[in-house]
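Pasting the structures here.
Both complexes shown next keep chain A, but they swap its partner, so chain B is in the first and chain C is in the second.
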Partner chain A sequence: MDEILEILGEVKPGVNFEGETDLVESGILDSMTIIQLVARLTDEFDIEITPLDLVPENFNSVEAIKALVDRLAD
Partner chain B sequence: MTYTSYLFFFGFAVIVFMVYSLVPVKRRWIVLLVGSCLFYAVNSGFSIIYLAVTTLTSFFCAQKLTRIQDDFKAAKKELSKEEKKKLKDKVTKKKKLFAGAAIVFNLGILAFLKYYNFFAEQVTNVFGLFHLDFEMPLVRLLLPLGISYYTLQAIGYIVDTYRGKYKAEKNFAKLALFLSFFPQMTEGPIGRYDALMPQLYKGHTYSNENFTGGIILVLWGFFKKLVISDRISYIVGVVFSDYNDYSGLLIAISAICYTIQLYTDFSGCIDIMTGISKMFGIELAVNFRQPFFSRSVAEFWRRWHITLGTWFKDYVFYSVSLSEPFMKLSKTAAKHFNKFFASVIPSAVALFVVWFCTGIWHGASYKYVAYGLYYFLIILIGTLLEPVFAWLSEKTKANRKGKLWGTIAMLRTLVLVVIGMMMFRADSLMDFFRMFLRMITTFDFNEVSGGLVFTLGTDKHDFFIIAVGLIIMFVVDILKERGTDVLSKVAAGKIYIKWPVMIGLIMMIVVFGAYGKNYGAVDNIYAQF
Partner chain C sequence: MKTLIDYIEKTANDFPSNTAVSDDVSALTYSQLISSSKSIGTALSKLGCKNRAVAVYMNKTPECVAAMLGVSYSGNFYLVVDPKMPAERIRKTFSVVDPVAVITEDSLVNNLADAGYNGKSFICNEIISGAIDEDKLSDIRNKMLDTDPLYCLFTSGSTGMPKGTVVSNANVISYTNWFISAFGINDKTVFGSQTPFYFSMSVTDLFGALRTGAHLAIIPKKYFSFPIKLIQYLNDKDVNTIYWVPSALCIVANLDLFKYAKPEKLEKVLFAGEVMPTKQLNYWIRNFPDICYANLFGPTETTDICTYYVVNRQFEDGEPLPIGNACDNCGVIVVNEEGRECAPDEEGELYVRGSFVAGGYYNNPEKTAEAFVRNPLNTAYPEIVYKTGDIVRYNEYGELVYCGRKDFQIKHMGYRIELGEIENAAIAAEGVATAACLYDSQADSIILIYEGKIDSESLLSEVRNRVPEYMVPSEIKKIPSMPHNSNGKIDRVWLKNNFKEL
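After this line comes the complex of A and B, so read on.
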């Protein structure tokens, strides 16, 4: 979780991500930031994220991102 | 299409609706298909062949993709991990070949019809530069109705099947209905198969709420188009055609007027089409979400022509930025730059591709390419400066979510959008530059106080109607932004609420609409793309 928070802080500085549950719909994470995030996640966790994974439900909160990473790492 | 065409269209839709209601529920989708084909054939004649070819290629390609995927699923059960990977690579290559061929073929048709003559002119010009006597022949090409919209729908369907989002449609007639559904043929919205097809296929029984809600939306669309858009178009036409005769302030006013014209014209048409679909019980994708309340240009594009933006995001931006070469680029960038720039560079390249395509989708002209790149630069600069903004707001303790910051950000976005619209409307890119230069160098407030503004093809009476129309529209938009959908509430309301509203809208359209012998019918702007 800490690693994900660290990456989020780098791609989108100045946001307190903990407790946020609406990151995509509220516009905090737009498609460009999501792609930056995906590039970092694939590199960091050695996973493959496909366009089908790029849905708001997978990126709306830190927990959702963690769940996506865990699922793809399996 | 002009408003008279829309009246005809509405009449046609009512007839289809009556037949739809008389046929058994299970067969109702066939009425929609026959109605859509009839509509297309009447409006476009032999051009229906293009639509048929796109439907056929999409149908067979998607079938093949699903078969390949199913075969792979069956075969991999008995394979080792390594063998599975090998087979997957082979299958992916095969799928790419089929999907790529179908996409290139359909895009090729669109590109040839839309851009061939522009390309031929440029080639001739290049030869001319070297004093070579070569002229690439021009061809008289007619753009089939809705080709820019249904081609994107077809490509979206092929890509989704390729990605395994859903299985291919087995019934050719159903896919034909998805690609030809008549309300979205003129200006979109660009529908998605998984959201639209189940609704089209399901026979809907009559619902009073849907029917009245649909009629109110249709009236609302006509109100925007006839009372505001077509009336304001005169100011825009006068200034944009002779901008050298006007000073900066009037040019700025005309650019704002064009922004309003485009919004009321395009969203008005979408409201009419969404209303017609709603009568049948079918919800089309939302294409506008109060765009003028956006705090950034990126947000504006998430609220304006939404279905085009999401199409480019899902099928171009994500495809490009998640592709192997881009992932490699990302890793290379990580070695040479700091973490922030390393992650920005690949998405910036993908963003460039998206905005270049968005620009050129609107038409074969340098101004459309520049229009796309203008937004690319603004969004890129915004992203690059984001750490600076975050640092500044932290240092100054400014609340970026606060009202003051929000209002400033909204106004800044509006200014940038109006400049973009000016480029969009100008006759050419050079005209835009000249016009923009004139706007910022010759500001003269006397033109307004001297009453010259009332000679822009309109008088005080016109201005009054436009102002009242805009106030009504923005009040409805503000309420929607705050979570109250007035039109839906009216549709679901008591009879003594909805009837006066409907009659009021009809009266306003009939009395204040810009039609009749003193007004020329104005074509819908987005129907030409």
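After this line comes the complex of A and C, so read on.
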């Protein structure tokens, strides 16, 4: 979780991500940030994120991002 | 008929119930668009001024289009301002155009004060269904000329003050005449609109639609990070024509998206704004060989485009696409450093002549005089042409080929080098998603920045196989993802300022 928070802090500095549950619709994670985030997650966790995983539900909260990474790392 | 709204009113008469503009939450038919624009125009007409700037500070929505046309109904010209633009940049832009009013939204109005603006502002929703004063609007129209400005569009200058290109009704009418006939745009066309309204590319699909009864389906930006939803959206809206920046088309190719979802109605894929890498274009062509692909080329100062190439043969990955030939009713000349026309295979600067050429930069006589010059090949009378700053040459097919920006052309170890050629060599390599090349003039070194799976040593040897030794980058940096500016293009200014920290 901390690792993900750290990456989020790099791609979008100055936001408190904990407790947020609507990162996509609220615009906190805009389209360019999500693309950067995906690239960082792919690199950092050595996972492959396919278009099937690129849906707002997987990016709306830190927990959702963590769940995605855990699922893909298995 | 002389003004653009004359033409749009004719469309609305012919196709009143066609959808003109929609996004994921709202839509306006042609008759609704005209009446909304007239209401906004009536409200603005009370300002009592003519040929002045009115800023449209709104998100990209159907209502924003009504606001833009409303400004024209009032006899003024619009300036679309990016809602995400930093306050300081808004301040600079406003200091150049001095808008008489701003049309905005509830959620944005407070930012205006931060940008130092305390003039008149209108909330779009409050004036979009107000009373229409037909007499007043037709009185204003009767006094309008086709040479009067329709809009002013600021280009993202690399340094200092932004430059606002003033584009007239006549420019847009001539320009769209070409676009509509070259690509067979009609009331059955549905555009999937990607580019923002403060970017010149949007002029093409927006007014290409509004002149023909076509539907402009605005694609919410978020779909470009959720690409399966993007394809669903295109299918739900029956989109058959797209005009996107190559970076957006590359997102699709780099994700191998067509393995998961396929656009069902697409017939035309047009692109402009930056170089389209042939590797990613070939991905599209392999998946959809029957679509018409075209590479459009031009600057804001020629309304949007001056030359184009419809892809009609195969290209190897990494082989550059030509930019083709001049659009109908647009002239191009290639001029060498002595101010003479280039020999058939000589490189030179592209100059553009004719009705697409804008009037100049607002309140900026110096920059206007530098770029809008007398045709050096015509000494008989003053004919103004626009110097694009782009270096081009003709290939063996008689098509123009883009060699690079005049200011990207560098001298390194005594050689004249186009950084674009190095980028092309890198992008062609397996495992490279995108690449950008920079020149550090202080260190006299070439820096290649890329995104992709390949490691930097392998890429370096790939590049070494494709370009002469003096063009091999001295530094190569892999980054997780390429930065893009608000238009969706690779952000070269940011890279230039930040490459040392990468």
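Things worth noting here:
One rule holds for everything that comes next: the second predicted complex is superposed on the first by the 74 of 74 C-alpha atoms of A that agree within 3 Å, B and C clash if a C-alpha of one lies under 4 Å from a C-alpha of the other, contacts with A are read in each partner's own complex, and residues count from 1 in each chain.
Following the convention adopted for this analysis, contacts are C-beta pairs under 8 Å (C-beta built on N, C-alpha and C of every residue); 3 or more make two chains touch, one makes a residue touch a chain.
From a predicted model like this one, the values you see are computed outputs, not experimental measurements.
Using the contact criterion defined above for the overlaid structures, shared-chain residue A:Asp43 touches chain B and also reaches chain C. In the superposed model, A:Leu52 lies in contact with both chain B and chain C. In the superposition on chain A, A:Val24 contacts chain C only, with no contact to chain B.
When both complexes are overlaid on chain A, the residue A:Ile35 reaches chain B and chain C alike. With both complexes placed on chain A, chain A has more residues touched by B than by the other of chain B and chain C. Within the superposed three-chain model, A:Asp70 lies out of touch with both chain B and chain C [touch as defined at top]. Annotation: chain A residues 30-32, 35-36, 38-40, 42-43, 50-52, 54 touch chain B in one complex and chain C in the other.
Touching chain A in their complex are the following residues of chain B: 163-165, 298-299, 302, 313-314, 317-319, 321-322, 327, 330-331, 334, 339-340, 342-344, 346-347, 350-351, 379, 383, 386-387, 389-391, 393-394.
Chain A meets chain C in the complex at residues 24, 30-32, 34-36, 38-40, 42-43, 50-52, 54-56.
Residues 221-229, 251, 255-257, 259-261, 451, 480-481, 483-484 of chain C touch chain A in their complex.
Residues of chain A that touch chain B in their complex: 10-14, 27, 30-33, 35-40, 42-43, 49-52, 54.
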